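Note that chain A is present in both complexes that follow, paired respectively with chain B and with chain C.
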Partner chain A sequence: MLRRPPSLIIVLVLLLLGDGSAQKTVRASADVQNSVATDEGIAIVVNQENTVENLSMKDLRSIFLGERSHWGNGRRITLVMMEPGQLERKAILRDIYRMNEADFSRHFLQGLFTGEVFVSPKTLASPVGVRKFIFNVPGAIGYVRASDVDSTIKVVRIDGRLPDDKDYELRMQPHTGTK
Partner chain B sequence: MSAATAKSSTRPGPPGAHSIVDRFLYEISRYSSTLLLLMVFTVETGVVIFVIRDLRAADSEVQTMYVRSVIGLRGIGGLQYDAQETRRATLYALTTNDSNLQVEYADQSRDADRRVTNGINEYLARARTASEIEVGKRLQSDWVEYLKVRDEVLASILEGSIKEAVDYDLKGGVPSFDRVRQDLEEIKRQYDEQASRQLADVDESSRRSAGRLVGVLCFTLLFASVSIWAIQRARMLSALKLAKLQMDFVASVSHELRTPLAVISASAQNIADGVVQEKDQLTRYGNVIRNHTRQLTELVNQILLFASTREGRTHYVMRPMSIEQLIDSVTHNTREVMREAGFTVDLQIEGDLPPILGDISALSQCLQNLVGNAIKYGGKSGRIALRAFLHKSDGPLSDEICIAVEDHGIGIDTSDLPHIFDPFYRSPAVAAAQIHGTGLGLPLAKSIAEAMGGKIMVVTKLGVGSVFTLHLPALKKGTLQTETISPDLLTRQ
Partner chain C sequence: MRRRTLLIRAVMNAMVVRVSKEVAMPFRFANPIRALSSASRTAAVRRVSSSLLLLGAVLTTVSLHAQQTSTPVSSTDQHTIQMLLQRIDRLEARVAQLEEQRQAPLQPQVVKQEVATLTPPPDHITATPPMAAPSEHPAHGPAMPSPVAQQGADSEQHVEPDVSNPEPERMDMSKTLLRMRGFGDVSFNGADQKGSTTSFSLGQLNLFVTSDISEKFKFLGEIVFESGPDNFYEVPAGHKNEFAVDVERYLLQYSYNDYFNLAVGRYHTAIGFYNTAYHHSTWFQTTTGRPLLFQFEDTGGILPIHNVGVSASGRIPSGSLGLHYVAEIGNGRASRSPLEDEPVQNEVDENNHKAFNLALFARPEAIHGLQFGFSGYHDLLTPLAQPPIGETILAAHGVYMMPNFEWLNEVVLVRHSPQDSSHVFNTTGFYTQISKRWGSYRPYFRYQYINAPNHEPIFPDVGLRAGPSVGLRYDAAESVALKFQYDYNQMRNQPGANALTLQLGFTF
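Now for the complex of A and B:
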């Protein structure tokens, strides 16, 4: 305890002396994060209680389009989306829905009206919100960046692949690899 | 034979001191009332320590009760609040369609339920009695049940199935939460009962403390009163004893003075009246007057000497001297008395005795008193023995010169032995036998012996005789010749 004040003083002095370099470091790490983000995978996540481990891209698309209402265990499917404008949402619209925002909205409005769509997506503002939602709802399915995954939720394989795998299709930037 | 030393003596009981209590008080008063006061102080200190310990114990009891009850009740209050918070946040989620807000409420509900779960675990860890453990486990089980329902309700709300959520809550949530609430109330009631019991205990303990305090104070007051009474009574008995001794002394001295004065007066009257005309008769009358005058002088000197030793005014001139020198002085000064009493002295002085340090005049007076007593109480044997010998010391103390005065007279009764060195004390048997004396000879001898760093020991047997031995520290041989004595040893008060 007696050593704490000197340690604090040393840290403060170092921060003051190295103020410029610290800013540079922060900026550099942000650049690195952006560059990583461009190639980062998007994880499809479900509640820990959900027994589903793997989904085909076809099944995933069907679920996200609201064409399936229940999981195999009888639990109702709840689809979780992030708010419009977010990079993850753009990637999901591009890679799963293959729609733009307007088409997406139209699809669900029309589908719910005609009864072809069983699930109305829930919209959350942040990855943290998505995680908490999925943690609380056993039948929920959503998506977050691979780096936002934690132990409260479970990542589902898509066509047997995880976000870190080379040929994983769902990424922040369009996938350029071969299937 | 019985033996006593000059340093161990007990006075007889005071006049009128017949009861055991008076005897005890008198004995205590001999060692001064300081002892009594010390006893009172010790008892008072003990009482104060007892009272302080009692108060501390009561205080500790109250603190323990406060900690258990107040902290326990505070914990239960917290549990009740967090349980309500868990439910409140869940129900708040029903009030909005915003998924973000719903998630936030769910989060708040889960935070609160974690606090409740931890609180229940803490309560179970603290629980001591069987009923506490039982209700704690019941609460734990009911809480888990409620959380299962709460999770379903939350899931339904977040899914958007509000009706389903309300149904779940009404069917499962409300009853299970009521059970939780009842469990918490039960725990609170237990704490209340426990606190009431402890309060009663503390009340009882407080009453006990107050009772003890009153008892102790009463005892202290009684003890102090008895002590004061005892001190005063001891002083009174001591004063009575002194007064009696002084009266005895005055009577004795008056008698001792009156006899020679009467003889001197009668002799002088006869000479003045011309009754005595022959030269032989005049010589005889002159001798009688001289002898009785000397007796008077000795008596007055002894009284003055005793008074001065008691007041600490006596100054001794300490010089090295040989034993032969001392014995010569004693035999010379007592020769006349012995001759008149028809006594002979048997002198036995060991050869080559080391010298002693002392006031020759005082030591001579000391031994003269012992010799005088030997003559006075020597009966009809007509002989006394005066022996001087060396007593080698085994320990670190120096060797001693012992000068023993032995008579073959009436001896001393065992009951008188402890008192013979007390001033003015005269054995009842001696007084009855009309043996005159002041009761100052032995106390004076004792004072002188102690002033010279020595002591007097007595060995006696009733009807056989007594041996009074003066013990004096011996100097190293050769001291007498060189006379190199430290100046501070040369005078002693």
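Now for the complex of A and C:
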């Protein structure tokens, strides 16, 4: 038994844990105007100069997690994410990261802390911003809705499929395809 | 009549202001977040058109009203109306321009140079002053905050238009390149060990600093303020309750590709898993502190946690096995002679022999979160008035880490072999730690064990230490964790000790 039972510690713990209201996780859930979710595909897009045409889902996950930091030609990968609350970002967190916002932040913070992640993702507010950034940065990779794709950026196939294909996995709504 | 005219003028002015804002907003490049997508641009055009129609209706009403009342319009009002008409002409021209842009297909520009010439995409209005260079080269761009801090701060402002930069590695001295994140903790702890008191304790205040020097180079540092005396194997150094500053990591990293990265400076030795996964922050850790096996040198740890030298790391082409390597050469740890010396040889090695460490580990693609591997470390210690002692450290680990579940297992063998003797002193240690998260709560359990021989030449005071720890981590917010932990520590030839710790860890 404790020689001097630190009962004060136990009392403090009970007081702090008893506050259920504090359980709510603080989260920047910006209520953006994307109120209508569709089954639209999310295109993985890169700079037009990038020679990559196709990525496996595993490779894509590895890139988005920061485990791969360079393209085959040695150029550094710059990951572009949209702001928290955007439906596209929610879909990417669900389908690629399999994390919530808090886990995502912690993952990259810890990756930077350990040195395993060389650069943290850029965060941009809109599809226009993503397009502009990817247009300007040869090593960039990001995502936009298929309807937001234009000719300034290049869509990469994922497991050989494009966003309009039936079994394409990255969609605004959870994929219910056969694959 | 005068009042009515004034009212009409007020309405007209309000309409003009609204129309002006509607049209001007998409072109306000100083705030590119508001730059319009194709869809929103269409909406803006519609709003502008509606506003113009409404304005036209108001003007028509004014005109008719003026004719009906046959009241002569003052020269001031005529002037105002004339100005408004001119403004409408300008706005109509702008609407036409917008519609033209919406209908015309976007013609991509060809980037002639990979990095040197950066231009905005064609749907981009270019009425902006030149800014700094590409965001991919952080040396040219604004300092990039860490993910948490970055959200909301980073925006399209990172896209810098119309910049031709023939020197891709040129450093922009006008911008700070430092990013900083802080970690800290405050504890309230008590134990029934002889000599201990129940106390509030300030933990390490850690300033984690990174800087993207260029596309390939990066600086990483940890500057730690900590209170209390250092304790090199039970030999206290410094004054009680006094703060001191340690530079715990100090690294220049070079990233060539995924298969070869180089770092030079002071780093955490890649022995096992915990030492490179967790550094000087309790907030990242599930428990209130590191396992005994991986305690820092200045708190009685037995391993060379820090090293000064060169480290190479990267992936090994191995398909789905996900092999990685780490190869390190550095000064190694001092031999505790004299005892009060700093264990990490930051500036001078006590001998010419360098410490070598090689670690291999795998992250199989098939089981995300699984990592297993081993490492081998060798150094030569040269304590005063003793023969040199060879030090070999073998470590193996198998961990499974997912956001909601973790299971860490590590075992270490430390071999000290005095060169004047055939006797080898083996110190073994292991720990296992398991935890699962339910919402904001994460209960955990850890059992740890270290057993050093009684006459161990380097750390004879360690002896046997073993015992369980059980606790609960509660994430009160994304950046704040409250932990409550009970430890039982069994020691050789001493009574077991109980301890309770309440800790608030945070990042900022």
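Keep in mind that, in the parts below, the second predicted complex is superposed on the first by the 142 of 179 C-alpha atoms of A that agree within 3 Å, B and C clash if a C-alpha of one lies under 4 Å from a C-alpha of the other, contacts with A are read in each partner's own complex, and residues count from 1 in each chain.
One rule holds for everything that comes next: a residue touches a chain if its C-beta (ideal position, glycine included) is under 8 Å from a C-beta of that chain, and two chains touch if they have at least 3 such contacts.
Just so you know, these numbers come straight off a predicted model, no measurement behind them.
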item: First (chain B), second (chain C), both or neither touched by A:A102; value: second
item: Which superposed partner A:F133 touches (first chain B, second chain C, both, neither); value: both
item: Which superposed partner A:Q110 touches (first chain B, second chain C, both, neither); value: second
item: Chain B versus chain C as contact partner of A:G74, first or second or both or neither; value: second
item: Comparison of chain B and chain C by chain A residues contacted; value: C
item: Chain B versus chain C as contact partner of A:T123, first or second or both or neither; value: both
item: Intersection of the chain A residues that touch chain B with those that touch chain C; value: 76, 78, 120, 122-125, 129, 132-133, 136-140
item: Interface residues, chain A side, partner chain B - complex; value: 76, 78, 80, 120, 122-125, 129, 132-133, 136-140
item: Complex contacts: residues of chain A adjacent to chain C; value: 1-4, 6, 8-10, 12-13, 16-17, 22-23, 25-28, 47-49, 58, 68-70, 74-76, 78, 83-84, 99-100, 102-106, 108-110, 112-115, 118-129, 131-133, 135-140, 148, 150-152
item: Of all residues in chain C, those that touch chain A in their complex; value: 32-33, 35-38, 105-109, 111, 114-115, 118-124, 134-136, 138, 144-148, 150-156, 158-161, 181, 188-192, 198, 208, 210, 212, 215-216, 218, 220, 251, 253, 255-258, 261, 263, 276-277, 279, 281, 284, 365, 403, 439-440, 472, 474-479, 482, 484, 498, 500-502, 507
item: Chain A-facing residues of chain B, complex; value: 99-100, 103, 106-107, 151, 154-155, 158-161
